[in-house]
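Shared between the two complexes below is chain A, which pairs with chain B and chain C, respectively.
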Partner chain A sequence: MTAYRVYSKEEWTSAVKALESHYQVFVPVKDGDFHLFGLLSEGKRPDFDFQNTHLSPKSIVYPQSERMFEYSLDGEDPDAHMLKEAPKDFSPRAIVGIRPCDALAFQRVRVNFDTPRYRDPWWVSRFESTTFVGLGCNAPEATCFCTSVGGGPFSEAGLDVLLYDLGDRFLAKVLTSKGDGLLKKALGGMEADGTLVRQAESLALKVTEAMPAVVPVDGLKDKSVLELFEAPFWEDVAFGCINCGTCTYLCPTCWCFDIQDEVLGKSGDRIRNWDSCMFPLFTLHGSGHNPRGGKVARVRQRFMHKLKYYLDKYNEGVQCSGCGRCVRSCPANIDIRQVAELMNSL
Partner chain B sequence: MSKRARMTLDNPYLPYPVRIEQIVTETEDGNLKTFRLVFLNPEHEEKFRYMPGQFAELSIAGKGEIPIGIASSPTERGFLSFTVNRVGVVTAHLHNMKEGDVMGVRGPLGNCYPWDEMEAKNVVIIGGGFAFTTLRSSLVYLLDPQNRSRFKDVIVVYGARSPGMLLYRDELWQWEKRDDLQMHVTVDATDDPDWKHHTGFVPTIVKKVVPSSDSSVALVCGPPVMIRNTQPVLEDLGFPPERVFLSLEMRMKCGIGMCGRCNIGDQYVCKDGPVFSLAQLKEMPPEY
Partner chain C sequence: MLHYTEKIREIAGRLLKQGVVDVFIGYRKGSVPMMNNPLLIRDPGSTDLLYWDSNCALNLCNYLTGRKDRIGIVATGCVSRNIVTHIVENQISRSQLYVVGIPCTGMISHRAVIRAVGGREIIEFEEQGERFLVRGRDFEEIFEKNDFLQSNCAVCRYPNPVLYDEMLGERVPGYEGDDVYRDVEKVEQMSSEDRRGFFSRMISRCIRCYACRDACPLCYCPTCFVDESRPQWVGKSIDPVDTMTFHLLRAFHCAGRCTDCGACERACPMGIPVRQFTKKLNKDVQELFSWEAGLGLEQRPPLDVYRQDDYDGFIR
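Showing the complex of A and B:
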C-alpha cells in the first residue's frame, strides 16, 4: 500500500532542515526576480512558493563545469603527463521541490549517459546518489506543455517522493524505497488519512485537465527523417535565431559537452563544460570544413535531435519534458511547440 | 572493491599511458608523421583489443585529445601506430614531441570494417591522401598468413597528390611485388620521369583496374571529392550500396556517443560509426 505523510508547512521546513545531517539538500530559493535551486547548508531559505525555477536543477547531477582529471607536467615527477581522476563528491544529495518536468528530464537524459556499452561514471554516480522529492504543480505556466510529451503536473516519473501542496500543508506520497528512506530521516509529519489523499487526487486531476492545448508529437515517429530534414520550414523557423544558446543552456534535457585542458604552471586539469549545438565551433573540423556551418543547419539540428533523432534512437518519447523554459527565454520568440506542430503535420 | 575504485577502472574517459617509441615522417611536406606507441602497462595492451577500422583518442596532458584511426593491425603485436596530420593545437604539439615522451591513448573506439561480411569475398580497398591509415591496418590484417585464405582477391587502389605525399612508401613497394594482392598506386601528377606507377585520380584508376563486382566488398576512405567521384564508378561496376563501406570523420570529444557533436541524424559517428555502408548513408541526412 502506498504510504502518505502529511506535514504542516512549518513542519515541512524543519523536516527538510533535518535532512541536512544525511544529505546535501538542494531547495528552491528566491534569487532576485527568479527562483533557483540552492544548497540549504549555505544558509539559503527554502521557498516552495514558485512556479518553476529559472534554471532546472540539471547541474546538481551534471555540473556546468567539472574537473575530470588532473595531472602534472613537471618533468621531475615520475607520473608526469599521466591523468588521474580528480577528487569528486558522490555523497548522498536530495533535491527537494523539483518539478515533475525536471524529474522526467533526468530520465530522458539518462539513456545518453548510462548505456549498455559505456557508462559515464560521474553522471551515473551523482544521479544514483540523488533522491528526488517532487513538488506537483498547482499552477502551471502558460508556456508549460508537459502533458504533451509524456509528463504531467503531478507526474511521478523519476521521483522518489511527490509532494502535493494542499494550501496549509504538504501531502507527501512515497514512491520508492529511496523516498521512504528520506522521509524516515525527515522529522515530524504524520500519516495521512484517505480524505487528504482524495483531496490531493482531485487537485491533480483538476490541474492536469486545465493544462493548455496539447502540442502534437504523436505523428513524429512514423515520419521520414529525410523528409523532415529537407522540410521547407527550417529557413523560417531559424530566421530570427541569433544562435545565443540560451535554449540549450536552460534546457533540462540538453546534455552536450566539450572537453578542454587547462594548465596553470606545471599542473593541469582536464575539464568538461556544457556545450551547445547552437555554436559553429561545436562541429568545426580541423580542416575548416563544418557540417553544420550555417545557423539554419544548427537550429534544425536542435529540433530534429529533440523531436526526431532521439525518438528514433531510443523510442522513449521526445527529448523534451515540456518545461517551457526555452519558450519563455528565447530572445527571438522561437517556440518549440510551434516547431513540433510544423514537424508533426508535415 | 570500493565503488570509487570500480568507477575508476571502468572510466571510459581515462586514457592509458603510452610511450612514443618511434616517429616516422611520412610525407615530403613534413605534415604527416606516424607515431608508434607502446603501452606502459602490459595489462592495458591486453585490454586494448581492436579490429581494423576502429579509432582511438590520442591524449596529451595540457593540450587535449584527437580522434585518429588506428594504422597498425591487430596482427602486429606490442605497439599501436597512428599517422597524424598536423592541423591544430594537439596535432602541432604531438608533431613536436620526441621518442620516449609519455602521452595517452583512449580506446579502441567505434566500429570496424565489416570483417564477417568480407569473408569469402573479393576485397577492394580504395584510399586517397592521408586517409589510408585504417586501410593500411586492414591490408596488413588481410595479408597476415592466418587471415589471407579467408578472403578472395585483394585489390588496392591508393592515390595521393604526388609521389612524395604517399604514406607508407616502403610498404607500398613491397606490396606491389607480391602476387597475393593487386596493388595500384597512383598520383594526381608527377614530373618524375622514372615514375612506374599510375597517374590520374583515384576514381579513374578504379574504373580501369577494378573488375565488375559479383562478390566484392569495397572499403573507401579519402577526401570528400574522392569519395563523391568514386561512388558512381562503383555503382557502374555493379557494387550494391550494401557492399560499399566508408569511414567518416567528424569533430569529436568523448568518442563514446555522449558529448553530442558528431551525429548524423540519430547515428553517432564515434560510436555507431565511423564505418557506414553506402546503403546506410543514403538513409541518413546528408550532413557530414
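Showing the complex of A and C:
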C-alpha cells in the first residue's frame, strides 16, 4: 500500500532541515528576481512558493563545468602525462521541490548517459546518489506544456516522493524505497488519512484537466526525417535567433558537452563543459570546415534533435519535458511550441 | 508605440510591392507577454505579421550584417546609430537600405514589470498609449510606461533616428539631464578592491550563454575570440576568471562603438546588468575623444583611426 505522510508547512521546513545530516539538500530559493536551486547548507532559506526555478536543476547531477581528470606535465614526475581521475563528490544528495517536468527531464536524459553499451560513470553515479522529492504544480505557467509531451503537473515519473501543496500543509506520497528512506530521515509529520489523499487526488485531477495537451507532437514519429530536414519553414523560424545558448543551457533535457584541457604551469585538468548546438564551435572540424556553419542549420538541429532524432532513436517521446523555460527566456521569442506545430503539421 | 504598427505594415507593403526593397525587417508579435520576435518578410501579402510596441528591444541592426539584398528596416534612435556604425565599418552599404525611422519613446523593462507585480506570472500585456496594462490569473495592473523604461532608454539622448529614409512620426524629446552616467560614477568612486568585488558579484550568475554578445550588432566578427581554439584566448568553463575575461574583453571590443541600445542587457537570461561595463567605456570615450558612436557617417570611430598629428605621442 502506498504510504502518505502529511506535514504542516513549518514542520516540512524543519523536516527538510533534518535531512541535512544525511544529504546535500538542494531547495528552491528566492535569489533576486528568480527562484533557483540552492544548497541548504549554504544558509539558503527554502521557498516552496514558486512556479518553477529559472534554471533547471540539471546541474546538480550534471555540472556545467566538471573536472574529469588531472595530469602532470612535469618530466620529473614519474606519473607525468598520465590521466588521473579528479576527486569527485558522489555523496547522497536530495533535490527537494523539483517540479515533475524536471524529474521527467532526467529520465529523458538518462537514455543518453546510461545505456547498455555505455555508461557515463559520473552522470550515473550522481544520478543514483540523488533522491528526487517532487512538488506537484498547483499553478502551471501559461508557457508550460508538460501534458503535451508525456508528463503532467503531478506526474510521478522519475520521482521518489511527490509532494502535494494543500494550502497549509504538504502531503507526501512515497513512490520508491529511496523516497521512503528519505522521509524516514526527515523529522516530524504524521501518517495521512484517506480524506487528505482524496483531497490531493482531486487537486491533481483538477489541475491536470485544466491543462489539455495543446502542443501537437503525435504526428512526428511518422514524418520523414528528410522532409522535415528540408522543410520550408526553417529559415523563417531561425531568422530572429541570435544563436545564444539560453535555450540549451536553461533546458533540462539538453545534454551536449565539450571537453577541454586547461593547463597552468606544469599541471593540467581535463574539463567537461556544457556545450550548445547554437554555437558555431560546436561542430567546427579540425580542417576548418563547419557542417553546420550557419544559423538556420543550427536552429534546425536543435529542434530536429529534440522533436525527431531523439524520438526516432529511443522511441520514448520527444527530448523535451514541456517546462517552457526556453519559451519564457528566449531573447528573440523563438517558441518551441510553434515549431512543434509546424513540424507536426508538415 | 503600438500605433506605429499600421504605418509599418503600410510602408513595408509599399516598398515590397514597388520593388524598392527585397526584404523587410521588423518585428512580429511575440507568443509571450513583453517579448517580440524579429521578423523578415519578402511577400507584400504578409505585412500583417509586422508589429510594433514598446517591447521591441533587440537591436534589428544585428540582422543586417553581411546581407547582400536591398533591405527595408525599422529603426529607432539607437538602432539607426548602429546602422550608421555598420555602414562606417563596411558591414552594410547605405544604398542597400531603406530605413523606416521610429521616434522612440523607450522600451519597457520586462524584468522591472515582473518585479512590480511581485514575480507573479503575467499572462497578458496591453499597451495603451503612455500606459500599459498587465494581467495575471488573479490580478490586473495599469502602469505608466515612463516608470518602467529600460535603464538605457530612461537616459536616452537620441530617441530619434539619426539616419532614415522615412520617418513615422514627429520627433520626440530626448533625455536632457546631466546624470546619464550617474551609475558609472558610483562604480568609479569605489576602491579598486570594491570595484572588483562589485563586478565579480555582478557576473557571478553568468552562465556563459553569450546572449549579450549575440544580441549585440557590434559583435559580427567571423570568429569571436571566445570561439577561437588556436590559440585559445579564454577558458570555456564557468571559472570566475574566465567569465570575467569574457565580459571585459567583450566590453573593450565595443569601446567607442557602443550606442547603449541595451540589447545585451535585455537578452541576458540571468538579468545581469552587463551595460555597466560598456557604459563606463562609453563615458571614457566621450571624455577622451568627445565621441558618441553612430551619430554621423562622416567620421570614423576614434579607436580605428590613425592620424600623424595624433596628440598621443605613443601612437605617432
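Here, the second predicted complex is superposed on the first by the 344 of 346 C-alpha atoms of A that agree within 3 Å, B and C clash if a C-alpha of one lies under 4 Å from a C-alpha of the other, contacts with A are read in each partner's own complex, and residues count from 1 in each chain.
The criterion applied here is as follows: contacts are C-beta pairs under 8 Å (C-beta built on N, C-alpha and C of every residue); 3 or more make two chains touch, one makes a residue touch a chain.
From a predicted model like this one, the values you see are computed outputs, not experimental measurements.
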Clash or fit (per the criteria above) of chain B with chain C on chain A: fit
Chain B versus chain C as contact partner of A:258, first or second or both or neither: both
Superposed model, angle subtended at chain A by chain C and chain B (C-alpha, nearest 10 degrees): 90
First, second, both or neither for A:56, with chain B first and chain C second: neither
Contacts of A:240 with chain B and chain C, given as first, second, both or neither: second
Which superposed partner A:283 touches (first chain B, second chain C, both, neither): first
First, second, both or neither for A:143, with chain B first and chain C second: second
Partner chain in contact with A:226 - chain B first, chain C second, else both or neither: first
Overlay on shared chain A, then closest C-alpha pair between chain B and chain C (Å): 6
Shared chain A surface residues [contacts with chain B and with chain C]: 258, 260, 284
For the chain B and chain A complex, residues of the former touching the latter: 3-4, 7-8, 10-15, 17, 59-65, 85, 87-88, 91, 101-104, 224, 249-251, 253-254, 256-266, 271, 283-285, 287-288
Contact footprint of chain C on chain A as seen in their complex: 32-34, 51, 54-55, 64-65, 139, 141-143, 236, 239-240, 242-246, 248-250, 258, 260, 262, 271, 273, 276, 279-281, 284, 327-335, 337-338
Footprint of chain B on chain A - complex, ascending: 68-69, 71, 73, 80-83, 85, 90, 112-113, 115, 117-121, 125, 225-226, 229, 255-261, 263, 268, 270, 275, 277, 282-287, 289, 291-292, 297, 301, 304-305, 308-310, 312-313
Residues of chain C that touch chain A when the two form their complex: 30-32, 35-40, 58, 62-63, 111, 114-115, 119, 121, 123, 137, 207-211, 213-215, 223, 227, 229, 235-239, 266-267, 269-271
